[in-house]
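Below are two complexes that have subunit A in common, paired first with subunit B and then with subunit C.
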Partner chain A sequence: MEKIKLCCAKCGFTVEEYVADELAADSRKLKRYKYLKNKSSICPSCLASGRLNELRAIEEAVVGGAAQPDAKSSAAPVGHAEYAAGETPMMDALAGREWPSHTTELKQTGYPVQMYEQALQQRRTQWGYGGYVSLPGVASGVLVRSSARPDITKGSNFLRIMDPCGNFFSADAMRKLCDIADKYAYGLLHLLSTGGDLEMLGIPTENLKPAVEEITALGFDIGSTGDDYRTSEECIGPAKCDLALYDTLGFRYAWYRRFLDDVQYPRFPHKIKSKFAGCPNDCVRGCQKADIFVCGVFRDSPRIDQPKVAEWVEGGGNITLICSRCPGRALHWEPGRGLSIDADSCMHCMYCSNKISGVRPGVDRGVSILVGGKLRGKYGPTLSKVLVPFLKAEPPDYKEVFDCIERVTEIYDEHARKKERMGDFLLRIGMDEFYKLTGITPTPHLVSQPRTNLFCHWDAEEVRPSHKESPCPESEYRR
Partner chain B sequence: MPGIGIPTLEASLPPIVKRNYGKWISHEHPRPGVIKHDSETGEACYTVRAAMPPNARVSTATVRKLCAVADEFAEGFFRITQRNSIEYVGVPPGRIDELIARLAALGLPVGGTNRSLHNTTCCTGYMHCHLAATDPAAIMQNVSAMLLREYQTDTLPAKLKISGSGCINNCGEGSCADIGIVGVHRDLPPIHVEKLKGCELPLVISVCPVGAIRPKGPGMVEIDPKRCIHCPACSVACGAFAPIGSADGDGVAIVVGGKSSNTGDGPAIAKLVIPYLPNNPPHWPEVTKAVKTIVDAWVANARLDERLGEWINRIGWERFFQRTGLPMSLKLVDGYDARALEYARSNVRFRW
Partner chain C sequence: MPTITLSGRQFEVDEDGFIQDPAQWDDAVANGLAAGEGITALTEDHWKVIRYLHSYYTEFGSAPMIRKLCKETGFNLKTIYQLFPTGPAKGACKLAGLPKPTGCV
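This part shows the complex of A and B:
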């Protein structure tokens, strides 16, 4: 079958493609072909203007859209045989040690190993910038990784699959995901990315649609790329932890039910990462990484089961160490009288509950919401800051907590600049202004200490309550 | 097509978790790599944790083997932890030795619980990223192999987490960990004039955190070398400023003392102690040596349950540099933003 391509003269980008026979038969297509061929136009890829080149090529006939990937994958995994050739001394040096090696894994897949080998040899990454792929009906979840070495590989796409509750995978579901990865992709999985997604790597553009269809048919969903809510991460919580202060798994599931659209359709100024930790131990690193961090907290003293603690001490538990390492020095152990906790000194940090069998967190439980954590942004890493110190987390819809999250997101969406992370936004407008915008009642729990400078803003109304008009209107932002 | 959400709890959880959901009352560490949870129903749940390859890149062949192990030992389920370890939940206590032997045959060491080196995490680096200034996966391979004994035994003062990121975007969470290995660029970004036409120049100028990019005539910009902090912000925003970095310019910085837990001294971001080490594949000897130096000094001097950052807080930074023998330099003094003066010292309570 002869194909006619109209390509950019400079970069070779294919603007339109026709089958020669169809072109001759269809007058409308012929008209458009002639129009495009004779017109000086701007290339959508490199933006060079000029006439388009015509290329003619004979290609094998393909019957139907869906049959294409099958025909390709039934012979061999995509690209496997092609790139496996070639010496890989650097990668071999990284294999065969006691620790499991990623290079051994790469070699078992269709991943173009020379990309990695060349990168190690040249001390420069061989992947390239840019790229865009349009998949109708899929607004996020697909990423392009283009190649700076077209002689090795053309580059490909990868999919972000949202991980199930608690990151538990059943072997059956995982095998089916493997089948999809073998059929349409390199056969290489990322279990899991640091953002909490399962990534399936190396999917050629023509395989994207069937891959997405099969993954969603399996009950997994894709999303979490671009400026939207990224995949939320939860700690293992009540599924396998005795310290969880709220149902993180149920919370995350409810979060997806309410915010799924915002995970799959990018619309915010920048990405928003959400993490849900069951207790202040913060196993999900939410305080450092998350724009919105929901952390389980309790307000009363830890509960002490005295006989069990005594049993633990007799069994060799180092109670002196725990008492001396308690951050508030709130723990006191007397052999005859047992363990006591000074409520005024207790910081509810979980240390005693972590270490002593028989001490458990209190029962007045809820969540606190922290905002603005990030690891780069514009002004470097920042820890997240307390917005709401305590809220009751009430299943099944967690309305109060989710309303607060939505309010924070709206404020951020409305006031932040493009490509400004939540933490940078807070730094620019100031925490006081943010509390005002969100309508938070200030409590001492919000600050580690009050300010040391006296440069407060005073509204004219606050200075002279009878004064109707402000002589110098307060600007909306401090800077 | 997308829009279905995540699988339900009912579909994703193994039977032992469903039976005891929210009913756990205590936990203990019977041996390295094994955690025991007791439930109020009287049931005990044994979890076995094993390491995965750096960056958790696994071939489908390996995943199928892991699935077979799950079928045999853990009711057909496994779990991936926050630090990319693989966990088998609900292993019968009598078969733990057998499972550990099976995982060892697959090349996966068991450990990473309690006071040990937890599984090392990193970003994808040279493997699949266009921004990487170094290859954290290869570095983590070397560092983890070096510290294998610390992973398999829980003899450290407290838990030790080591993470690596290929660039200062920190996808690999370098700044979160006790010891973070972060790739750094040192070159100015290039300006490809022919690509500037396709650029949204106001966006590029505004994404620069330090205002180093400024207009220079119509449709042209210049970069102030004194201001550039070598973050890849402009090269991400526009292809005219890419690729950033070079073989000799790129390298590795080391940060220490990050943690997210509220115990001890509370959450902290890691601090820079080595501004630059060269990329030296495949074994990165300078980096592994620096990590070893820091770990050894911590192990020799820290008290029990004292994380790396808390040890430094107790003994002070002057003692840290003295104990490790690392050089102090002007690069480690913050002069960057509004908080810069906070990190300079006001008290004279020195440790000489």
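This part shows the complex of A and C:
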């Protein structure tokens, strides 16, 4: 077997390897090989460390015939200490006056401030690629961010700590976590990342193992990196909000009890993000961001407290506007008879409940499961689609809901390609095929566009003639 | 290219310690590499995973998906991590004499 190797133009690292016979037989491989060879590409680590610019400088010098070496490349590398003591004019400009400032916070920790200062000066980030660190016994939870400026810092490891439900930390537990961060890391915590987990930044590789041991001894778990379930996120739910239609905190706790192994041991084709919202207001942005989104819904019509509504109207509430903006035109107000809701037209969009304190969600409550939302991936952002319109959420183990979620992930695990998000997978095979695979029967309640945008305002003259009969004829907010 | 010596034989390895020629692999190689992966003694469960990986590689020329590995051996992923602390890709594939798998498992 004759092997053909494509090596990095700078460091000689083997980027790709081909077998000669396969290359001759497969035209796609041959095309890729020729493309890469013509490009004379370099490996990601060289790209991250800025060697491409060095390479270009050398090439330019050769082409131009200039005998003088490049001043930048001939200069001795600047030491870490020199950079650490350097001036930070751009960061000082951002330092706090009336408002707490991130630069003041960063300067009090071990964070390499020159990385940020240089980023501000050069108008692009000085950090490089990210990746995972293999720590024996720890399958996921440790990441590394490489540095494009090895003269300032060599890169930075960080740990993802799975937060308790509701993101509640007791002051005591937080104090202990801070002690660990001071002892082993920069002394800098990232609260909370967009995935809903706590990140401890800047841990040297030799400190990773003792840091992980101390964190797990406190009762916290680390995980949520790689191709597994990421840390789920839920809205505050019944702990602070009166609109929550199911116990999101208890739901997430039960979810962890059932799926903790999948959070800590990566096995899926790509990451799976889960978010749980208490009501269709979707404060966790699950519809846009989550591969699996569990949303609290109700089936009956909203409950009306007539005296409270009448009081609200007397106090100056614009009930006519609310009725005109109801997307299903289900709200009707008559001064003598009070407010009424047409149950068949109601779309359960929560608009009236948000606006009028006398209208609350109904009592026949459950959850709906949506799949396939994401912001990145092969085909770009997708909104999630309703898979199951209504399921009863029954504590303590929520068996019916979790069985459904597990079935979805098993199908995804079996049929998706490597590094293909759930949304891309659904686009590739289609929803019909997905229903067949999961064995879920489609119903008329599955709507791809459940809610029109109530918060978009326009003037009457901006509306095209055919749209004049819109339920939202003109803006009252704008005046 | 760096080399390692196991039971009197020399093997060429890459920068992560994966042996380069799978044809040279035998049980002695797995036993020799086990200590470096934090495994004190190879049990029957270890051999089940290792033999499956090696036979899959000789048949198809690549490492199996994790899902397939779990299904065929009957272990769940957590058990495999307990058997091979460095993970199925870095630990188990190295002991089974496979080249370094691509991707970040």
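The definition used in the following text is that the second predicted complex is superposed on the first by the 354 of 479 C-alpha atoms of A that agree within 3 Å, B and C clash if a C-alpha of one lies under 4 Å from a C-alpha of the other, contacts with A are read in each partner's own complex, and residues count from 1 in each chain.
We adopt the following convention: contacts are C-beta pairs under 8 Å (C-beta built on N, C-alpha and C of every residue); 3 or more make two chains touch, one makes a residue touch a chain.
Just so it is clear, the structure is predicted and the values come from calculations on it, not from any experiment.
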item: Contacts of A:N167 with subunit B and subunit C, given as first, second, both or neither; value: first
item: Touching partner for A:I304 - first (subunit B), second (subunit C), both, neither; value: neither
item: A:R267 touches, of subunit B and subunit C: first, second, both or neither?; value: second
item: Touching partner for A:C323 - first (subunit B), second (subunit C), both, neither; value: neither
item: Partner chain(s) touched by A:Y132 [first = subunit B, second = subunit C, both, neither]; value: second
item: Touched partner set for A:L446, first subunit B, second subunit C, both or neither; value: neither
item: Touching partner for A:A20 - first (subunit B), second (subunit C), both, neither; value: neither
item: Per-residue contact with subunit A, leading partner among subunit C and subunit B; value: B
item: Partner chain(s) touched by A:L30 [first = subunit B, second = subunit C, both, neither]; value: neither
item: Contacts of A:D247 with subunit B and subunit C, given as first, second, both or neither; value: first
item: Doubly contacted residues of subunit A, that is, touched by subunit B and again by subunit C; value: 137, 264, 418-419
item: Residues of subunit A that touch subunit C when the two form their complex; value: 131-132, 134, 136-137, 139, 226-227, 261, 264-267, 413-414, 418-419
item: Complex contacts: residues of subunit A adjacent to subunit B; value: 46-47, 90-91, 93-94, 97-106, 108-109, 115-116, 119-130, 137-138, 141, 145-146, 148, 158, 162-175, 178, 181-182, 187-195, 201, 212-213, 216, 219-223, 233, 235-236, 238-242, 244, 247, 249-250, 252-253, 256-257, 260, 264, 280-289, 318, 321-322, 325, 327, 347, 349-351, 354-355, 357-358, 360, 375-376, 378-383, 417-419, 427
item: Complex interface listing, subunit C residues touching subunit A; value: 37-38, 65-67, 70, 76-78, 81, 85-87, 90, 103-105
item: Residues of subunit B touching subunit A in the complex; value: 1-9, 11-14, 17, 21-22, 24-28, 37-38, 45, 47, 51-64, 66-68, 70-71, 76-82, 84, 86, 89, 107-109, 121, 123-132, 135, 137-138, 141-142, 144-145, 148, 166, 168-173, 175-176, 197-198, 203, 206-207, 209, 231, 233, 235, 237, 239, 242-243, 245-248, 250, 258, 260-269, 279, 281-283, 303-306, 336-338
